[in-house]
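Letters A, B, C, D and E mark the chains as written, and numbering starts fresh at 1 in each.
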Amino acid sequence: AGCTSGATQPKSAAASGTLTVQAPNSPPTFVDNFNPFTGEAPGLNIIYEPLVASNRAKGGQLVPWLAESWTWSADGRTATFKLRPGVKFSDGSPLTAEDVRWTYDLRLKNPKVGGASYRAVAITGKDTVAVTWKDPAYQQLGDLQDIPIIRQQLWANRNPITYVDKSPVGTGPFKLTKFSPQGVTMTDRADYWGGAFQVQNLKYAAATSANIQTQLQNGSIDFCTCDVDAKSYVAGDPGKRKFLMAWDGAVVSVLLNNGKAPFDDVAVRRAFALAVDNEAVAKLSSSKLPIIQAPASPSGLNHHVYDGWIAPDLSAPRKQDVSAAKQALATAGYTVQNGVLTKAGKQYPVRYVAPSDTPFLKTVAQLVVEQIKQSLGINVQLVGGPGSNISAAISKGNYDMAGNWLSSGRGIYAAMNQFNGTLTAPVGTDAASNPMRFKNAAFDKLLTQMSGTDDEATLKKLGLQAQAIFADQVPTIPLFDSGAAGVANTARWTGWPDAEKPDYLANTGSGTEFITTLKNLKPAG
Amino acid sequence: MVLRFLSGWKVRAGLTVFLLFCLLALLGPWFCSSVLHISPTALDVDSVSTPPSAGHLLGTTASGQDVLAQLITGARQSMIAGLVASVLGTSIAVLVGVTAGLAGGVVDSVLTALTNVFLTMPAFALIFVISGYTQGGGPVVIGIIIGIFGWAGGTRALRSQTLSLRNRDFVVAMRMLGESRVRLALVEVLPHLIGWISAMFLGGFVGGVLAEAGLAFLGLSSASTVSWGSMISEAQQGNALLGGMWWWFAPPGLCIALLGASVTLVNFGIDEISNPRLRNARRTLVRRARQAAVKGADSDE
Amino acid sequence: MTDPMMASEAALAEPAAKEQTARPRRRTSYLGKRLGFYLLVTWVAVTLNFFIPRLMPGDPATVMIAQITQRTGQPPNPATVESIRLLFGSPDQSLITQYWGYLGQLIHGDLGLSISQYPVPVADLVMSALPWTLMLVGSATALAFVIGVGLGILVGWRPGRGLDSVVTPLSTVVGVVPYFWVALLAVWIFAVKLRWAPVSGGYAPDATPGFNLPFMASALGYGALPVATIVFSAFGGWVFGQRNMMVTTLSEDYVLLARAKGLPGWTVMLRYAARNALLPSVTNFALAIGGLVGGSLLTEIVFSYPGMGFLLFDAVSNRDYPTMQAVFLLITLTVLLANFLADSLYVLLDPRTREAS
Amino acid sequence: MSDDLLEVRGLTVEYVAEGGSVRACDDVSFTVRRGEILGVAGESGSGKSTLITALTRLERPPAVTTAGQILFRPHGVAEPIDLVPLTEKQLRKHRWRDLAIVMQSAMNALNPVLRLGAQFTDVLRHHDRGLGRAGAERRTEELLSLVGLTAAQARSYPHELSGGTRQRATIALALACGADLVVMDEPTTAVDVVMQRQILANVLRLRDELGFAVVLVTHDLSLLVELADRIAIMYAGKIVEVGTAHDIYHRPSHPYTAGLRASFPPLHAPVERLHGIPGTPPDLRRLPSGCAFHPRCPKRFEPCDSVVPRLSAVGDQEVACHLHSHDRSEVVDA
Amino acid sequence: MPDPAVLEAVDVSMRFTVRGGLGRTATVRALEHVSLRLHRGRTVALVGESGSGKTTLARLFALMYQPTSGEIRLRGEPVGVRRGSTARAYYSEVQMVLQDPFASLNPMHTVRHNLRRALRLHHFDGDLEERMHELLRRVSLTPTQDFIGKLPHELSGGQRQRVSIARALAVAPKVLLGDEPISMLDVSMRLDLLNLLASLRDEEGLALLYITHDIASARYLAEEICVMYAGQLVEGGPAEQVIQNPQHPYTKLLLEASPDPARTVSAAGQSSFLPIADAGEPPSLIDPPGGCRFHPRCPVAKAECRTAFPARTSAADGHWTNCWLYTSESEAS
């Protein structure tokens, strides 16, 4: 004893209304830049707020945020937003339609800020703003949640790219009070439009994946969205420690490079998918969670988020079927020689890239490789490396198989759009979208149709067709449903969302979701 | 000389352990698969994170891999990395250092400048960067990178040794017989550097093993092969210590330490040979002689 | 690689020739040469540091897009991708043009803007990280040196005795235990189990950096464990080298003569034997300082210490070339500085290398 | 008897080693009188340095004094002190004050990182606690001037001085505390003949002024003959002959002495073909049986290879040779 | 002097550039205008104090450096530093025996290796083994089969020096340069080696350069003695002449200082050490005194001694000196 402030439990913290969380992205130190365009300081995503948000716990349902409501024009190209009254920036000035217009317009004018899928923006009334797209854009509205609204007065003379903002002014419920590279402290605002919060002080502590577990264990952090050994953490004090799974729609999958042999051949993709036992993978991957993650649907959609959207015949996971897999390979003319996939005398060695700094992806990779070796006799070469290398390899198409999580919780269109063949790029050039390089004309056509409707029934119908193509073409091998795991200590704060069926996701990485989480917290006892 | 080298307990103990490890590296994988019938990569989904038991003598990892099998196969990877690093590093060091020392003049200046550049380069950082680039090309690639960036330190010592050897009388004498430079270098000078070279080699070996472990810890080792470093790294990522899984965390570290210790012990011996002043009489002998002297003096009276 | 046998050599430059009768004739040209040499080495190192990272696959834009994809659960829309590419993607200029630009910037002391922390100047990042590393590794290196050399002197003074036969093998074995393994164990024992020290970080999150007591106390508390682990791993190397130097020195006639003079044991040990046996260690210490910035990678990662090592790790992960280059440059400069220091120290400490009066 | 400053009796020094010990000094006995110069000559490896270090109790492992006495009678001490059983601490009282040493190579004997003056003052002040810094410096100057050096040289580091100057300085250092006995191990082998003579002339003059005794070790017998009062000849760890310089030169009794004497070509006398001593000095680890010199001895006869001759008086000299054993005296005549 | 010189140094000077601790450089003027001739079947002894440049001259003869000025001539032909086979050709005529027998044999190689390399390098095409034994016999290392397989550490100093000589002889040289070949040997073994050298000279007709500190041994072995002081030759001539009738004050000093027990013959029983005046030390060669370099120590120095190096004055018997004392005389006469 006798040492250090860090290890001691801030017991008095609850009394003073302080919540300590791990900063999103877990950097070891923070950099004092709260510029909403370039900054990465913690808390940035709750200082600034967008017009709309989506609730991933509800299948990506759009939620009004700074906009109270919106209406679509008949052609589906223009959405008119009605701003919420009484929204104030943290400097006390009110949010105006001009602020919104200016914010949106900036993105159109400055290509380096970018991110604008719309074509034009205009003020149509005292507190209404119209945003116009090129094509029917019902499915594009969600993009707006990534655009934080800033105050024109402050930013008009700032270069949005190069300005280093140390005293941010936003509409969010907390304002910055203290910055230190090891911790950021924010206090709540009395004049927040969403009402009062019980959490008066919010602290972001620097904690990396290497030490978050210990910091949780010794109680210096109340909440984190993090990949930890939640099972042993919760088991340590089941009464006070809570596991939260933010089902954000993620499906852990094996990405297959559809753009190059051998996985450009659907038979090979099918064979590999059949050769994998996703049940075992799911089980092994859940060894550190208090729950067992469910094997994924062959539709590639997460059961939790897309309950009701998944075709009933695709709801059950694909069963491992070694003989079918072998059959598929044989029919397509493949043989396995010395552990190498061979067709017509040509050999197709397979490389599986997996980031070595994401433990569970590495474990998944090891197991999948092992299973393929066992079932098909193919020696897949496992290639590791730092995550940045692996993402570069995936983006460039320099891989055959890759472990990653996929699928968006922002609605069926967003989920399926990840396989949009028009957005991909050939092997050798960067594909930011669809690095699987999956191309299917019928599938792409369905996507265009989905984009032009906001009728749920139509969307569902198109979704079913898309799923069928997906399950048949196997652009990836969905393994199991996942999400952003998190743990919370209820010693000081209660009111966390339900673990089984949450109404919203507790996730520091997403601003609006985290604000909702914070809003619902109450001091313990 | 060889006998003298082998006479100390340190050298003998060191060599024994070292050879055991070599044997492990050589035969380990075969032993694993053919005798113990365990695979280092197989994942036992049903027994994850289990402590040592009859089924898994050293327990399993968080993903159900057999720790013992990993430890045995890891020996090969770690030692290959160390070996490649030290063979390459020492070879470059000898080539550059001896050439610079013997040739003198412009060649010496250029080679010395080269050495200095490599000395000032942030070696470990660059190794870190480059091995990231190679996407875990396995222990050989890692060893090569470590070797390429790690040779400079020893080169300077070798060069100055060669410089002093170059003007030693026996070299001068052979030169005055008309002996060619290459032969002078290989036959007259090099044998005298054996002590240095082998110490450098062993130092490089340990350095290589440690560097590989460090890189593996940073996530830069090959994903398809198991090395002690990658075991520690995975154990750390798997929170082995917090979870009380000592059987996962402890053995690879201890193995590296043991290997390093054995090599260091051998180095002690080499050091004593190359620097005779370090050899001192066995204390017991001196004490015994002194006691005998006292007794003799007593009986004389 | 460090091995004790290279201990006897001082610095980067030529080992000081022993022809001491030499007179200062061409001192200016010597200094010029020296400076020229340093400049040359710096230039070569800077050049390599520029090109090697850029030969790695991937560019900052790809990494950033991948990060956004992970954070939001879906790839950014094409407009965003476009803007990121515009900002950070492969510039249109050829590598050579970029290189000249970089050199030009360097000459003006401009390290550029960080990419991963855009648009924060790299200089700011470095300045906030450097003091931590200097403090952490600096104090640890110094401490390891003092402890190791002190022990080395003690055991070398009576070679073969009990202390020597225990301390020497033990300290060398300690030196070959993988550093991070020891550090992780230390964290587990002292931070997790015993709770004597914080788990990670450079100071308490709520401390305000600056010259105030709570902050400094917190920084000390946070630094204790990392420093201790470095010292633990590093002191052994000094023990062995110093011991051997000591043993070698003991057989020198002047030590024998000092004994013959009837001087007390301590005087002989310290003033005669250790004073001389220390010389190579001291210059090696100066050289070890050169490894300060570069050597902190593992420590800082294990302890999430906010220093240069972590900065570099982060920069590499994010393909943040300007930051990487700055860190590399700093490492190169510290190494050169350390060499200069070693040179000067040697001259200062060993009168034989000084000019005859 | 009271004239004897030092009496060495049966001194035996061994280098202990795993494979058996080496006796580098074997049953060595001799006396040193006050104020005399005793020369010790012998070939390389005959144990001269070993003798010197054992005499001053400076032997270091693996050297161990296994037998014998060193009876030392410094001024002001009535009873002779046996140095052999003394502890390091007890010895420290006598070191330098009574017993000083000059080493073979002054370059190595002076601490390279301390100025010359400092190496004087630390010993001066250690042995005379009352002496202040200034006093010690004054004394240093005096001492240096004894050997013809200046105060300025006290401020030099050893490496800044020439070999001869350094060697003179170490001699001045040896005189710092007024020792009764100064032991010198080849003090001039590293310097030139001219400097050698200058240094030794200095030693001789100082001896006459200060009255200390000198044990001087060298392998240059011709020099010793000029310099020493008495000379002891060592061969393979044993003293084979002791006598006055004159006797040793003109009437060598031991064949080895005779051979040694004939190994120096004359400078002025007519040149004749000389032959030195055939063979090579023995390896102490494998000494020949009997008299160690017998394999090289031109006059060896039957007991030489079996019986070790003891040192015994023959006239003024002492010789260890069967030629001069009392019971064999007839053989000499024959 | 009947036949022409086999090897000669003609007016050679040698300067070394040395580097000090902080990179300072200085020039060591190790040899100044030295000429020396070696003749078949004759020994020239070169004596002088340590650092006077004796080794430097020997090394110039051995073509280890290129002289700064002047030249080395082999049978009248100037030779320069060379490499490869031309170097080998030179070394087949000129060989050197170094001072330290403990250092001049590679501790890792046997006697056989040393001899065989020498023979091989110089294209010996007879029975190698037989020739090696013959060489060992030549240097009295008998029985030869006992020695041929030995490593240096198994040999005594004298034996090693014999091996060095045998190695030099293996190439059947015309000139043997001995750089203090006996100074590291035990007193008792020195004479044997000198005798060996003498017999080689006499029987093989070697031209011998014998470098030594010990003027008495020079007298013993050599016909001719040259005295060197601080890089300059100051006196030379037939051995007996130089010893018994030294001209140069330095030679006189050297002779006075050399131990000579015979001097005490008269004073029976009492040691009578002959002290000499404190004559200072040899100068630094980096900034040597001008003129005759001995002048600062010279008891009879004159004004011109400081300014210029005296010309050589020769006597009829070949005894010469470079000293102002005699220069003026000869000029006067």
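The rule is simple: a contact is a pair of C-beta atoms (placed from the backbone, for glycine too) under 8 Å apart; a residue touches a chain by one contact, two chains touch by 3 or more.
From a predicted model like this one, the values you see are computed outputs, not experimental measurements.
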Item to complete: Note down the smallest number of touching-chain steps it takes to go from subunit A to subunit B.
Response: 1
Worksheet item: If you take the chains that touch subunit A and keep only those that also touch subunit C, what is left?
Response: B
Practice prompt. Pick out whichever of the two, D-E or B-C, is joined by more C-beta pairs in contact.
Written response: B-C
Worksheet item: When the centre of a chain is set as the mean of its C-alpha atoms, what distance in Å lies between subunit B and subunit D?
Response: 49
Response to the item:
Whole-Å distance, C-alpha centre of subunit A to that of subunit D, is 90
Worksheet item: For subunit A and subunit E, what's the span in angstrom between their mean Cα positions?
Response: 89
Worksheet item: Taking each residue of subunit C in turn, which ones touch at least two of the other chains?
Response: 14, 20, 56-57, 160, 187, 192, 251, 301, 316, 352, 354
Worksheet, complete the sentence: Touching at least 2 other chains, the residues of subunit B are 132-133, 218, 236, 242, 280-283
Worksheet item: Which residue numbers or ranges of subunit A touch two or more of the other chains?
Response: 210, 214, 217, 386, 388-389, 393
Worksheet item: Any idea which subunit C residues touch subunit A in the complex?
Response: 56-59, 61-63, 65-67, 69, 71-84, 86-87, 113, 116-120, 125, 128-129, 187, 191-192, 195-209, 214, 218, 221-222, 224, 300-306, 310, 314, 316-319
Discussion item. Which residues of subunit A touch subunit B once you look at their complex with the stated criterion?
Written reply: 209-210, 213-214, 217, 228-229, 232, 280, 283-284, 287-288, 353-357, 359, 362-363, 365-367, 369-370, 381-386, 388-389, 393
Fill in: Sites on subunit C touched by subunit B in the complex
1-6, 8-9, 12, 14-15, 37, 40-42, 44-45, 48-49, 52-53, 55-57, 159-161, 169, 172-173, 175-182, 184-185, 187-188, 192, 244, 247-248, 251, 290, 293-295, 297-298, 301, 312-313, 316, 324, 327-328, 331-332, 335-336, 339
Worksheet entry | Contacting residues of subunit B [partner subunit D, same complex] | 7, 280-283, 285-286, 288-290, 292-294, 296-297, 300
Fill in: Touching residues on subunit D, where the partner in the complex is subunit B
14-18, 21, 61-62, 64-67, 84-85
